[in-house]
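Shown next, in structure tokens, is the structure this report addresses.
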Amino acid sequence: MERLVQILADAVSVGSLYALTALGIGLIFGVMRLINFAHGELITFAAYALLALFGQPVPIMIFGGIAVAVVLALVTERTAFRPLRNADPTTLLISSFAVSFFLQKLLILVVGSRLKGLDFLPELGRQIEFAGVRLQLLQIVTIIVGIVLLAALTWFLRATRLGLHMRAAAEDFRMARVLGVRANKVIAVAFALSGILAAAVSCLIVVQTGVVQPRMGLQLVIIAFVGTVIGGLGSLSGAALGGFLVGAATIMLQAFLPPDLRAFREAFVFIAVALVLLFRPQGLIPARGLKERI
Amino acid sequence: MTSGAPLLAVSGLVVRYGAVTAVREVDLQVDEGEIVSIVGPNGAGKTSLILTVAGIIAPAAGTVIFAGSTLGRIALEDVVAQGIALVPEGRHIFASLTVMENLLLGATVRRDSRAVAADLDRFFAMFPILAERRRQPAGQLSGGEQQQLAIARALLSRPRLLMLDEPSLGLAPMVVDQIYALLATIRTQGVTILLVEQNAERVFGIAHRVYVMSGGKFALAGDAAEIKSHPRFDAAYFGVHMREAASGP
Amino acid sequence: MSEPTRGHGHGGAVETAQRLWPLLALAAVIAAIAIAASFAPAVLQRRTTQGLINLIAVVGLYVFVGNSGVLSFGNVAFMAIGAYVSALLTMKPAAKSVFLPDLPAMIAHAEWPTLPGALAGGMAAALVALVTGWPLMRLSGISASIATFAILVVANVVFGNWTSVTGGQNSLMGLPAYVDLWTAFAWAVAAIVIAFAYQETRSALLLRASREDEAAAQATGVNVVRHRLIAFVISAFLSGVAGVLLGHFLGIVRVENFYLDLTFLIVAMLVIGGRGSLTGAVAGAVVIAALTEVLRQTEVGFQVGKTTIAAPAGTGDVILALIMLLIILLRPDGIAAGREFTWPFGRT
């Protein structure tokens, strides 16, 4: 029984990580119809910022991570994506793929491709008793961070003027602009928010793995992408749900597959995703008004 | 009603899309407080005309003077700030947002929140169905209700000129009656209206002046009563008279 | 594109030549490269051979991307499939028993000749494309692209962990290294012939028409899914063959060589050359091959007196990514901009 709760806690915590990643991707897709491959690099660069600031007080480190991710997100938007704002979706996809690789290779050029250890917040690795079950403090923290950020994002979108503008732009960009919603502002805010989400995920990953390496973000976003597609491109709740399900599924499969099949768990997840898409190609929670854009 | 210069003066307007000329040297004038209508069949160039008036499309030639200043090509976001509100064809309400949120978006460029609140109260009185459904997602409204929402949203920016592109499209006749009654009421509150319609019969009830557009040009222009009973109206609407003119008397 | 000839004695032949001109021109370019390389030192020959293999991979990707307008990230998975299948069928049983002691008996004892092995590799890839493509091609453009990404990841996970059949993370060594310059050349020409022949078919034409406006195409009754699937399968076959050749050129198959870096290289070649035409695909392969040569040289360095001035390792990758980015920003249709080689002898 205890084992089951531990597995569930793990699934929910990893699911939260992927949900947050998928949210960051979904935010950008909502306003720009762009799948941002470079989101992985936001996570990676934030981690290297943590590495660079190691030794500083923890709030400074975290702030540094957030700052780097947000600035990088805004810079990529301004230089690589704004000029392509009216381009077809495939061109946008290629562009984000190129940006992602450029940033990754640039990082490798500067810091090398070897992984580096980073002992960040090791106290979160502690085990604690929670309702009679031994869980890792980090798992609880991850789940709480996930819930808090999700709630904060939801509040922002529903209760603020800017959030309203973003939701309108995500549904019908042209009409929103005709009413006076500023395209540049809305898109910049979306990128900045995605940077914050990426930084949060980055901190949690670094605590969990204790390692920083140039490809760390990429592995995450590949799974998150698929989560976004299964959740329903263009719908934020779909992205979060899809990311969560895919993340949780990898943990559940890890726990319940027979040992010689365990290594293939990602393959099983992706095949399950393909099956879902077969029967529901628009995703689990499809977005409205999506037809003409895609 | 008006004194001096017209609110909107368009002269010699030419609009092209690549090799296609959608608007051929059009002159148009709208005085403050009028309801002016442009009628014509599909493809006549009506939408291109009003998009150019709004500043969304750049003309190949000609000028648009609105409220005394020449309107160049402007960004979509700046259209409302000019004092022009556009209710586009198909309404384009935000289905996933509530009625209230849709309306608030109409006030995006306004800074005076108290006056916006007062306006909202006024519109809820004018459009009672919107008041009733203010917290519902706009996608749940019927076609006619959505059209009301689109108009109220446009009015919330306190425009000097309200432009509507085919407001009766896809709506049942009784619903269209309601919409047109609304437009008449709005006009009494001092809003100038430029109305584009395929359904010419409708506009004769409320428009002061009518332009008949066909093949990118104005075939007829004049007071509504005059145009309504004009013997060549059908021909002008369908562009027949141009062929007749071409083949000679 | 071609107009009927007038008053020429051999009118039919000229017309055919006009239609085939892009294919002939490309074949001539490839032949010129191969001939030039055959006089070059062995090292350069090997690099040219690898360049020709990459060309086949890019042409394979182009067959799908160029005609459907949908970007595929999965073609490197098909290359891996081709490589592993051909390896398993053509490797000497003695070598197989060393690296893959747990193979099923039938495969363990197989020792096919190289050509059937290569064809089997291509067909295996095509089969996988047929099975996976059938649900995927229903997805809209972007979702389909992300889904092809999933193919790449699944292949990577499967090949990387199916230790009994593929050796898992270990390199599979001992493939018969029969791919030399002229083998690669022959296959490269075959690839462009197949690609060209396909793109002239009615299915490809309908697919290209749907590229501009999916909704409109579907509304007119064009079965976009079926035509996309056809392109996908042919594309997979060619990519599979490229994978076969890569494996038998290097003599070795490593699962991590068939993942994101190779995907990026192939996609970059296609994007830079121009994803709308076969000429673009070939141009991209040629230009990038030449560029990587130059960049490799700068990383090796130049002797100036006693010191070597060299760019730090990894510069080449950064520059390649930067060029791809610049192309997509400034000239998104690539070098060839969607055009094929045009008949240079004037219209008749």
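Odds and ends about this structure:
All chains are identified by letter, namely A, B and C, in their written order; residue positions are counted from 1 within each chain.
In this section, a contact is a pair of C-beta atoms (placed from the backbone, for glycine too) under 8 Å apart; a residue touches a chain by one contact, two chains touch by 3 or more.
As the structure is a computational prediction, the values presented were derived from the model and not from experiment.
Separation of chain B from chain C in touch steps, taking the shortest path, is 2.
When C-beta pairs in contact are tallied for each pair of chains, A-C comes out on top. Measuring from the average of all protein CA coordinates, the nearest chain centre is that of A.
Between chain B and chain C, the centres computed from C-alpha atoms are 54 Å apart.
A straight line joining the Cα centres of chain A and chain C is 32 Å long.
Mean C-alpha positions place chain A and chain B at a centre distance of 44 Å.
Only residues 33, 35, 80, 83-84, 87-91, 93-95, 97-99, 101-102, 105-106, 108-109, 113, 218, 222, 225-226, 228-229, 233, 263-264, 266-267, 270-271, 273-275, 277-278, 281, 291-292, 294 of chain A touch chain C when the two sit together in their complex. Within the complex, the chain A residues that touch chain B are 164-165, 167-168, 171-172, 174-183, 287-289.
Residues of chain C touching chain A in their complex: 69-71, 132, 135-136, 138-143, 145-147, 149-150, 153-154, 157-158, 160-161, 215, 260, 264, 267-268, 271, 312-315, 317-318, 320-322, 324-325, 328-329, 332. Chain contact summary for the complex, chain B toward chain A: residues 56, 75-81, 86, 88, 92, 94-97, 101, 104-106, 108-109, 139, 153, 157.
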